[in-house]
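Going by the order they are written in, the chains are A, B, C, D, E and F; count residues from 1 in each one.
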């Protein structure tokens, strides 16, 4: 009876999307539940998956808000 | 100084409600705080309760989004 | 399909116990699952409960490790 | 590679603000990442910070919703 | 920069093992990190995975400790 | 009434230590509680801090167990 919690920034990956689409969420739920079944033999119906979308302002990396961190990293790389 | 975290899907149980009502939340807070007091002797004022409402799209069960899982289960049962 | 997470310090409440007993844990599991059933109508078999016991060194309150905080508070009260 | 999760009630501290400002969040991210660097030697870029704002209805203390608990406490003190 | 948290009961799936093996954990880490890369385009090095093993006494299902719940369910099925 | 959760790998930073020392934990508790007080005006006694130490096998980064990821990164840098 595993619980998988997936935390990601609230951002779209598809054109025009400001957050994950229902399809992307369904694929994450399916993939992680199948992983637990394949590796540990857990039946699909005993696994819960919770997806938490976090505003980019509320996510920190490198001591900075996430978008600011990415901007600086891209500037360094470029 | 316990912390109780209650995660539920964001759905109403009352007619017309799209999420938990303030009254339902208050009963969950009271009930879980009293449980910790009665079982472990923790004073009420040392317990925090956090209720997290999760969109049904973001909750997976049986490898599927929650509503889809319930639909299939109901179809099987019926 | 709720998830209830109960975090408490790892301490005994019974003479000679250094942590929660299996009986205390069973009562917490029963009580919190029944709370979700009674308040939100969630069937017992759709609720998961996870109890996390945290070493007292790893729990902070009032800017201090938990035991130190309690000691000072008791001294003030006394 | 630490993860720091900061849960607070969704309330403003600045006049007119109904939640944390982006500046306050940036200071929390910076401060907690630097704390991990200074105490445990963790490089800034290996620390993630997640800030979770919780509606006051969804936060319990003393067996009551948070605002009600504060109101009673203030009444007692006064 | 996703965070994946996998909570499972502390039990072995291999003969003689009382918990997950290091190999099983490595496969869970690889699989969930690749899922985030394949579905959302997240680079592997921006994903953290945390596996939490929970004692069976500390996990509740159906209002009962997990092992007791499984025992009853097996008895019903049989 | 904030809750700060700090997750780190279970490793020593001091010679001979296999995990965080009680002193390091006390500094993390003090520092994060003061941060919440200084930035958001939260009184020290309304903040809980929970430190979770995670075995290095149970922490993944870059699709690998944490120690393996560090080893490869050091080899690349060298």
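In the analysis below, a residue touches a chain if its C-beta (ideal position, glycine included) is under 8 Å from a C-beta of that chain, and two chains touch if they have at least 3 such contacts.
The shown structure was predicted, so the numbers you read here are calculated from the model rather than taken from an experiment.
*Asks:* Work out the mean Cα position per chain and let me know which chain is farthest from subunit E.
*Replies:* D
*Asks:* Roughly how far is subunit A from subunit C, going centre to centre by Cα mean, in whole Å?
*Replies:* Averaging C-alpha atoms per chain gives centres 29 Å apart.
*Asks:* Compute the distance, rounded to whole Å, between the mean C-alpha positions of subunit A and subunit E.
*Replies:* 17
*Asks:* Considering subunit D alone, which of its residues make contact with at least two other chains?
*Replies:* Subunit D, residues with two or more chain partners: 1, 3-4, 7, 28, 32, 48, 50, 59, 61.
*Asks:* Which two-chain combinations qualify as touching?
*Replies:* Result for touching pairs of chains: A-B, A-C, A-D, A-E, B-C, B-D, B-F, C-E, C-F, D-E, D-F, E-F.
*Asks:* How about subunit E: which of its residues touch subunit C in the complex?
*Replies:* 7, 54, 57-65, 68-69
*Asks:* Contact residues on subunit C for subunit E in the complex?
*Replies:* 4, 22, 25-26, 28-30, 32-34, 44-45, 47-53
*Asks:* Tell me, which parts of subunit B touch subunit F in their complex?
*Replies:* For subunit B paired with subunit F, touching residues are 1, 3, 48, 50.
*Asks:* Can you tell me which positions in subunit E touch subunit A when the two form their complex?
*Replies:* Residue list for subunit E touching subunit A: 1-9, 13, 20, 24, 27-28, 31-32, 35-36, 38-42, 59, 61, 66.
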